[in-house]
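Presented below are the structures under discussion, each in the form of structure tokens.
Look at the two complexes coming up: subunit A is in both, with subunit B in one and subunit C in the other.
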Partner chain A sequence: MADLGRAALLLSFALVAYALVGGSLAAWKRRRRLAFSAQNALVASFATTLVASIVLWIALWRRDLSFVYVAQHTSRSLPLGYALSAFWGGQEGSLLLWLLILTGYASLAVLLNRRSRELIAWTVPVLGGIAVFFALMLCFVSSPFTTAAAPADGAGMVPSLQNPYMLAHPPMLYLGYVGLTIPFAFAMGALLARRTDERWIVATRRWTLAAWTFLGVGQLLGAHWAYVEIGWGGYYAWDPVENAALMPWLAATAFLHSVMIQEKRGMLKIWNVTLVSLAFCLSVFGTFLTRSGVINSIHSFSQSSLGGWFLGFIVVVTVFSVALIYVRLPLLRTKTKLESLVSREATFLYNNLLLVALALTILWGVVYPLLTQAVNGETRSVSKPYYDFFLHSFGLPLLLLMGIGPLVAWRRASLRALGKTFAVPAAVSVVTGAVLLGLGFGSSPPGLLAYTFSAFVAASIALEFVRGRSATGSLRRLVARNRRRYGGYIVHAAIVLLAIGIAGSSAYQTIRERSLQRGQSMQAAGYTLTYESLETRQLQNAQQTSAVINVSRSGSHVTTLHPGKSWFPVEQSASNDVSIYHDPRSLGDVYTIADGISKNGTLDLKVLVKPLVNLVWAAGFVFVFGSLVAMWPDAVEQRKLADRYAAVPV
Partner chain B sequence: MTLALVLGGILAVFVVVAVARPFLREPAPLSDALDEPGELERRRLSLAEERDRALAALKELEFDHRTGKVSDEDYRRLVGPLRRRAAEALRALEPRAEARHARVARPG
Partner chain C sequence: MIALSVAAVLAIFIVYTSIAGAGTPEIGPSTVGRHAGEDVLLVGTVVGRVAGDAHAGGMRFLLKDDHGAAATRTRVLYSGSVPDLFRTGRQIVVEGTLRNGTFVAKPGSLVTKCPSKYTPAKSNA
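== the complex of A and B ==
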């Protein structure tokens, strides 16, 4: 079977190399049949990569330990679901997943855009070029199909990866990372074809939204995994690999906003191609960080020699895109100017600057250890205060802008109109701020600001829906007529929930730690936790020891929690098993960690009471709903676009 | 091993046929040139985009006015230039469309 996998990957490499070389020649020399042939090669590369992927999945399913990859990442006792998820648990499998998704996306993009012959002719070689890198790595540098004499058992899987979230979190992130390839390839294809019209934006609008949604959901799933699995009590630690997913998401968020200005006003063409290139480069950088192990991270499950290759690829992509944008600058310049600094497009611009500034400061924090190592020979890193400072400096104004933007008209807004539209949201936020201050929330100024701004944004979104409904007569008609706008507002509502959840669970959380003997109790934010006893259970591939904790409030029993630890004999490793009570009244959690369980039964218990933390997860559902509303096909718009491009089939 | 070889062989044949298909379907086409928009078509596309942009801006302005985001005074000031822009884009497209239709009607 390994031979079939290797052969399929070699075919993939040959096909994408053909798409790159043949596609470039076809677009340059304007040869129709060669262009179609290159497109077919790209589509066929998905079939061959799928065959290679199926081979690896079968090997994982059968625990065929003669595959070195399977032996390194699974064991005979590992449950089947986790064994299959080992596909993306290691470097070689992750690269294969990248190539599988990339060729799948590329095939779909080709099939959906075959009518745009000129644009797709130039886009195919760009897609082929990117795929060549990953196919090259898989065929000649880091193959998942290397075989050796099968050991008696495999090395198993890192215990923290043995979590149901690992079945969805990495693929979701990869769907996002790789999805950003499509808008990048179309943007570069348009520039190569000297096309400065909006065709590439129309072709990739939903791709960008989908990739951005996947990336957002992937991060939230990852945050929840960290929350329930890693056992430190939080969900985001500014870990380099977490940041690696956040940076392209921020750049893509900026792009999704600024591209609307190009569509509506014909402005910001240079900025948009720059942003889409930045988002793609950051997504490749994210993969590099995750897989190279170059920076210490809770996600660095393996060290590898791929770092140099990835850095080289990032340099090539950056130089290529910067050079192409520079060469095409005369075509991209537009005569349209910003009419007023108080307009919707101006607020989008401010939002863009803040998003990009936040992404770049995070990037600086991520690469700082590498730079200090290269310059001084000693690794220094920035920590939470650095990131928190910039999150407050850029994130809070961004939150406020989310409320201001929808209230401001396109082109120009007069002070009188602004006064009228701002009155209600401003009053709501001032009252909210004053009430919260009175209730003692001033202990954390950033938290208080986050709540006050969130109230402003929530009020402005509600006002938009109310006014829009009274103008159109029906909420359904209102949303159906402008899905992108109202889908966007729903996503903004999700960000408000996220901001409230983050502020509540970090700025206003309570943390208590104590060593307890059986029968002893401790207090935390109104809860009493009593250590009752210890339990031991044998799981399929681990032995679990957990404490029985009785939780009560005001003398009434609330729940029983079981924080503990699991020992994985194959992996020779232990993991924390946290136990959480979700309080429906405060929308918060009582989060317990067994930091230590000694042989005499003494329990080192850590308790965190995190108000409103469940809003963070609820935000995920609202986010997906809003994204789906924005992505949903609009028949009127489709007809309009079909009419626009019917006369010019390019 | 044999199964892998057979499957690999089938896969190789499939990809070769897929890649060669455009040449197999049209061994000697009258023209192998890839469509390329001429200057006139590029201009038409640009005008069509301008028309859609102007019409969308008008629609947006009407909606913002109805929802109170744009005052009556601002509306009166902004609507004129937008209507002019939309009309200009429509006019610029119209003669060309007629000319194109005429060419189609009288081939050669």
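== the complex of A and C ==
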């Protein structure tokens, strides 16, 4: 079995190497048949990588402990679902998943764009080159198919990974990370072929959108996982590994906006190729961070031999893209200039600068320990206050811009027209702000600002829908006529929900901690929690002890919560089982953690009351819905594009 | 225009770093003595017995450097939530200040580094 996996991987390596070398030669010498065979090699490499992946999955399924990877990440008592998810629980498997998704995406992108020969001529070798790196790692540096004498039982899986989210969160993130390869490869392909029009953008628009959606959803899933499983009462901690996923998402968000200006006005060509390279480099950097263990993180991965390889790869990719963009600068320059600082283009530009500034300040925070170590030999790190400061100073203006941008005209907007457009949203937000201030929300100025700006954006989105509807007669027709635009507005609405949820649950939360004896109770933000008794249960691979907590509000019973701890004998470790009550009236949560349960039954209970936190998760659903609307095939758009390119020789 | 915006962003950045200082040092027990009275992140491995209750009067333990042969041990006093994975032999990070030879940790700042998460514990099982 392991031999089959190894052979399949070697074949993948040969195929992607052929796609790189053969594809380059074909594009350079303009050989049609060679180009065709390089494309086929890329498609075939997906098949061979799939074979390797199936081998690993079968080994995980059978708990074939002679595979070192299987022995290290599963155990005989581990439930099947988690055993299969161990595919991405370790380094070797994660690399294989990268290669599997990459070759899958690459094949699909090549097959879909086969007719645009010129467009993909240089894209194929770029994709091949990226795949070569991962295949090289898998074949010669970090193979999932190393075998050894089978131990009596495997090492098992860390308890906090034994959660349904383990099945969905990592693959989603990988689908996002790897998805950014496609727009990057098409951009580099276009530059290599000296084509600097917007065809590569049009061809990859949905890819970028899909990758960006996967990254966003993957992150929210991770946040929810941390929230319900890790048990510290939060969902985002500015941990380097969390930041690793946030940075490419921010860069991709900037890219999704700035390409619209290139499509509409032919501007920002240099900026766009730079952004797409940045997004891709950040996604490789994210994988590097997750896998190298160079930076202290609560995700703490062991130091691995891969760090140097990844660093080298990042350097190669960065040097390659910077050099290529530099060489092609004369072709990328545009004559169109920004006409006014008050125009749609300008607001897009502000949005881009803020997003990139946020991504880069986060990057600075992440690498700060490495830099200080290198410069003066002492590691220093930045934490929550640093990130919060920049989230407030860049994030809040971004939120406001989201309400302004869509209402400003292209090219040049008159101030008088602007005043008229903004009258309603401005009034709504001022009233909201004043009412909230009266209710005592001034305790957190950033929170109050976030609420006020959210009201502004929500009003301006609603206004757009109302206006559009009165022009077309029906909401459905309005959206169908311009899916991309209205899908975008729905995503904006999701971001508003997210902002409100984050502000509510962080700026206005209540935290209480107390040691309780049976029968004693404690108060938190209007709720009374009474410790009734202890319960013990035997699970398939763990023993669980939990407290019975009676929750009431103004004298009447609300719910019963069961915070506790589980002990996993195989893994020799414990895990926190938090218990959460979702209050439908406040959209907030009562979050309970059993910090300690002593032998005599004393319970150290921690309670967090987090208002509006459920809006964060609701935002995820709205976000996916909006992205789908924007991604949905659009007949009108296709026809417009066909007309546009009919004139351009292909 | 772009230059102006970049300058503005840079200005915010510089203002921040000059006001808030430049991060918290991350140090091990062998060098923490040089930072007495300062707010630091102490990184090290738990050695010996863990005594006391983190929820009543504080938990006490000794910390040594993760790597190297330095014999220095730092006494840590901690209260607040204790992560599931905390025990003797684990690598941890804790924020606080060295006062009169004892590292007084901020409540709830204890984070464990779990070396067995992605590759099994070979050396510290």
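Please note the rule applied: the second predicted complex is superposed on the first by the 640 of 650 C-alpha atoms of A that agree within 3 Å, B and C clash if a C-alpha of one lies under 4 Å from a C-alpha of the other, contacts with A are read in each partner's own complex, and residues count from 1 in each chain.
Throughout what follows, a contact is a pair of C-beta atoms (placed from the backbone, for glycine too) under 8 Å apart; a residue touches a chain by one contact, two chains touch by 3 or more.
If you're wondering where the values come from, they're calculated on a predicted model, not measured in any experiment.
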Is A:L529 contacted by the first partner subunit B, the second partner subunit C, both or neither?
-> neither
When the two structures are overlaid on chain A, which partner does A:I182 contact: first (subunit B), second (subunit C), both, or neither?
-> neither
Which of the two partners, first being subunit B and second being subunit C, lies in contact with A:L246: first, second, both, or neither?
-> neither
So, does A:N576 touch the first partner subunit B, the second partner subunit C, both, or neither?
-> second
Pick one for A:V382: touches subunit B only (first), subunit C only (second), both, or neither.
-> second
Figure out whether A:L268 sits in contact with subunit B (first) or subunit C (second), or with both, or with neither.
-> neither
After superposition on the shared chain, which partner residues are touched by A:V457: those of subunit B (first), subunit C (second), both, or neither?
-> neither
Do subunit B and subunit C touch any of the same residues on subunit A, and if so, which?
-> none
Counting only contacts in the complex, subunit C reaches subunit A at residues 1-2, 5-6, 9, 12-13, 16, 20, 22-27, 41, 43, 53-56, 80-82, 84-85, 91, 93, 111-121
For subunit A, which residues are in contact with subunit C within the complex?
-> 72-73, 89-91, 155, 158-161, 232, 296, 298-302, 304, 338, 341, 349-350, 353, 357, 361, 368-369, 372, 378-383, 385-386, 389-390, 393-394, 513, 515, 565, 573-576, 593, 595-596, 604, 606
What does subunit B use to touch subunit A in their complex?
-> 1, 3-5, 7-8, 11-12, 14-15, 18-23, 26, 29, 31-37, 41-42, 44-46, 48-50, 52-53, 56-57, 60-61, 63-64, 66-71, 73-74, 78, 97, 100
For subunit A, which residues count as touching subunit B in their complex?
-> 1, 3-4, 7-8, 11, 15, 18, 26-27, 30-37, 40-41, 43-44, 47-48, 51, 117-118, 121, 197-199, 263-266, 407-414, 416-417, 420-421, 464, 467-468, 470-471, 640, 644-645, 647-650
